[in-house]
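In this document, chain identifiers A, B, C and D correspond to the written order of the chains, with residue numbering beginning at 1 in each.
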Amino acid sequence: MDMRVNIAGLELSNPVMTASGTFGYGVEFKRYGQLEKLGGMVVKGLSLEPRAGNPMPRIADAPAGMLNAIGLQNIGARNFVEKRLKLLPWGETAVVANLYACSASEFADLAAYLSEQEGIAALEVNISCPNVSSGGVLFGQDPSMAAAVTRAVKDRSGEMPVIVKLTPNVTDIASMAKAVVDAGADAVSLINTLSAMSVDARTRKPRLANVIGGLSGPAIKPVALRCVWQVAQAVDVPIIGMGGITSAEDVLEFILVGATAVQVGTANFIRPDFAFRLVDELAALVDELGIESWDDYRGSLQV
Amino acid sequence: MFGNACQDTTVKSLTRFGKGEGDGEFIELTLEHPGLDNAAWKLWKPGQFVMVRPESFGLDPLMGRPFSITSADEEQGISIFFQVMGQGTRKLASLKPGEPVTLWGPLGNAFAVRKDTPTLVLAGGIGIAPFYEYVKRHEQPENLRMIFGHRPPLACYNWERAQGVCSCEAHHETCRQDLMDFIALIEETVPQYCNDGLIIACGPLPFLETIKKVADQHGGRAQLSLENRMACGVGACLGCVCDHKTEGPVSVCARGPVFWSDEIEL
Amino acid sequence: MDMRVNIAGLELSNPVMTASGTFGYGVEFKRYGQLEKLGGMVVKGLSLEPRAGNPMPRIADAPAGMLNAIGLQNIGARNFVEKRLKLLPWGETAVVANLYACSASEFADLAAYLSEQEGIAALEVNISCPNVSSGGVLFGQDPSMAAAVTRAVKDRSGEMPVIVKLTPNVTDIASMAKAVVDAGADAVSLINTLSAMSVDARTRKPRLANVIGGLSGPAIKPVALRCVWQVAQAVDVPIIGMGGITSAEDVLEFILVGATAVQVGTANFIRPDFAFRLVDELAALVDELGIESWDDYRGSLQV
Amino acid sequence: MFGNACQDTTVKSLTRFGKGEGDGEFIELTLEHPGLDNAAWKLWKPGQFVMVRPESFGLDPLMGRPFSITSADEEQGISIFFQVMGQGTRKLASLKPGEPVTLWGPLGNAFAVRKDTPTLVLAGGIGIAPFYEYVKRHEQPENLRMIFGHRPPLACYNWERAQGVCSCEAHHETCRQDLMDFIALIEETVPQYCNDGLIIACGPLPFLETIKKVADQHGGRAQLSLENRMACGVGACLGCVCDHKTEGPVSVCARGPVFWSDEIEL
């Protein structure tokens, strides 16, 4: 089968991408496989300036998952472009920049800079920064703020596809999706991590220095599928689904409920060659099940 | 070209050391050598580590676990030496020969080796793991002095393996006074190596903190191997960082696990 | 240690209760242990009239958890009182009725009836009915509707403690808790299941006839702990924590973040004597850790 | 007083039947008898089932799995006979003797036994599990006629165990025509037992549907054992219900698993 998919004009050789924050700047995985194999990779969230992130500990185990509170540690957009991007085979796989900022105007500046760089295929706007300027409400939890950020980014991104990444920590994710699509988002990706916590009953301490962190991994897959399904009913733009994918069958589940492509996050920690293997496993499973085209399979859940 | 550094292998053997509940469980786990497709195995050095994830982890825990490489040899296999701490090591402890394990590595940097330099090797508890091979490989073992602090009995630590090669002193800590004596020993010994010696250390955080403090005070430095919690092991997740004085937070897995004590905050 | 806890005047012999929908009407567990051992039990959600519930299949596996869409199947409040309640040792353990209705007035009628029955110790109001009268918005997802239901129930419950059970499927659970406490709730319990979904990539069918269901079990524990922690910062009434408890250590984690008591749900399916064993294990662990009183331990997380 | 009907036991043995990938895996799993504290074990009857949850399930799957009791005996242990279907049965298939298993039961009702009545026993595939003991216990086996439809070869089903006791016919279904023939056989045989016989059946849903349809058409009834997905096994979760014509949705685990075909919708 032809494994290619198209996200708002961006063509991927196959639907498997890697998720932001779980695949570094891509280069870290060269020892484990051929980056060219991937449909695309989303690099660690980039801010205008380098940032140091949260105090340690930043990660903890969770049942069928993990918690993280990395915070916004990154080398900054400029360093990424100058020092990492050229090491990536961006001619052969889509390199997507994940944007992280604390105000709409900062988002816009970041988008303006990144959208002009050769080698970046699309922007993914992470609207769940926990330290935003406006009174502690997260961008991603308020439809009008989410729309404002989307508009600000779109205005400054030229022709580059803008993907808005949604958080599941909302009452109604479909209306969040509608808000960002109405504001011009070319695609949406979901889900980011679930707001969660882990504590040690013996030491009486939180297991993350930040106290609250994000839950990812297989534990959240049923929530992620529900979110993608609801968003697929609500908007017409392509959806990139993610949350707990650890097998080719999981990939198909996301496509079945309406996703065009997927991202693999925590599974990269199960083994660093996970995403590369998944590309092959997906092709084999598609063959085994006799799926004839993505257009035929996508969203074909029989309800 | 180096092949894929993440390899599938199987359990070759488990050897248990020590005995009795109170001692904890100490295990040398040997895996079949996954092969030199991954040419990095030809070049591994003590101080480097591997990420280990047996299939039996299932979804719990999801993350693999990092362990110092104790030895690696195409015939003998790859060994790690670990203490049972929690759910991950418990599952490792119940592995049987033949069970499948995913292994990535060798990862990280290694301890410095300066054959002509008087070298102080400081091991705290299970932190001895990388040093069996370090002392074995050393070309001038008469330049080595190893001090080993431990709470469980020596029998837990395969101590013979370290001995005989170089000057080795074990300090059994059974009460508060033992600990004070041990700290005093560090305070006395570390300065002797601060100017023209080499100090390398691996062990629990308080142990490393003491060494760093003494070295700092005497304008010296020691190489410390850190054991932060890890997810990826490859420098991608930023879950394992420590504070580097000039570079800010750096990945222990990729930039370390061995750091000069004067370059980091503990 | 004195294991007793007090929920708004209701004294429990220990903090372990069983969660609604996972412990039937209590009687089903007599073959597996002594009901008197439990701090309390919350029976299956009761409506005014018996109801048939959702079509099959109603349950599915999930990573470290399960999905359910039982719907509202129950024998009705009257049948429960007349046929089951007298079989329960309500003199020795707190029997809590879980209320399920589709309008505030129906909730009020149900509360009026149940609060007059000897043997019922408290009411737990389940405000996440998926089929409510007002345009598909769930009671539990709208603070003013949640408050209205709470007021309606309180007005008709006399002296009986009213516990309002919160859903985690909201943007801000703390403000939901505040809304129901301001409206008179004597205690809150949380969390109900996470809205989730499971599909079969091969047959292209949802694994639940209802398509969307509720995720429970260890997978949701980190989310539940975060919710309890946030609610504990926001309100002063006792909190009953639940979500993925499968060990005595888990119980302590919930108390550590601020819960006064806990409920055990899905773990009852790991083994039907789970809750009884947990009571003993909790006592042993409290001893082992040298915890001196619940008042000392509760909410003592060091942040 | 009956003791706690949820008991901890261990694996005694696993016996594999048949062979070859295509056949699937068929396994008789025998657990140590958990003891007669749970006095219900003295009274168990074929058609009843147990919930089985080995410790190796961990958190995946969380729910135990229901299986018909194939036999139960203080000496021999408690046996179930199952086919590998998915994650739960795969984990059961890899159990080793001595591994811990939680067991609750015997649960549910049983098949009717009427020794003087001509009885038609209809088994489809792994649905044969409860019938080995049913036919063995029957006091007048000459009144029994057993028809067994199967796709994997007979060797998968420990067929000898059923044979010899009563009249047994196995029908191997290898193509569409075989299925048509088998359905024709049911259509021909069931009516013969509709008036003054007893019909009992266990097998896949389409098999039970055919039997119910034929019985309905002839104003008869058959006892059908349903295999709905279960969580609690004790009538508490309402996850396993079937539609009862007069009572509405009823728990298969508590009210069944055996139902008269004219009382339920399939």
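To be clear about the criterion, a residue touches a chain if its C-beta (ideal position, glycine included) is under 8 Å from a C-beta of that chain, and two chains touch if they have at least 3 such contacts.
All values reported here derive from a predicted model rather than from experimental measurement.
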**Request:** Show which chains lie in contact with chain C and also with chain D.
**Result:** A, B
**Message:** What's the distance between the Cα centroids of chain A and chain D, rounded to whole Å?
**Reply:** 47
**Message:** For chain B versus chain D, what separation do you get between their C-alpha means, in angstrom?
**Reply:** 54
**Prompt:** Just curious, how far off is chain B from chain A if you go by their C-alpha centres, in Å?
**Reply:** 35
**Request:** Check each residue of chain A and list the ones that touch at least two other chains.
**Result:** 62-65, 217-219
**Prompt:** On chain B, where are the residues touching two or more other chains?
**Reply:** 59-60
**Item:** Topology of the chain contact graph, where touching chains are joined (line, ring, star, complete, other)
**Value:** complete
**Item:** chain D partner contacts - residues on chain A that touch it in the complex
**Value:** 63-64
**Prompt:** chain A touches which residues of chain C in the complex?
**Reply:** 62-65, 67, 141, 169-172, 194-199, 201-206, 211-212, 215, 217-223, 225-226, 229, 244, 249, 252-253, 256-257, 289, 300-303
**Request:** Name, in rising order, each residue of chain B that touches chain A in their complex.
**Result:** 2, 4-6, 40, 53, 59-64, 87, 102, 104, 228-242, 248-249, 254
**Asked** If you look only at chain B, which of its residues touch chain D in the complex?
**Response** 58-60
**Prompt:** If you look only at chain A, which of its residues touch chain B in the complex?
**Reply:** 21-24, 28-29, 31-33, 44, 50, 52-53, 56-66, 68, 70, 73, 217-219, 266, 268-273
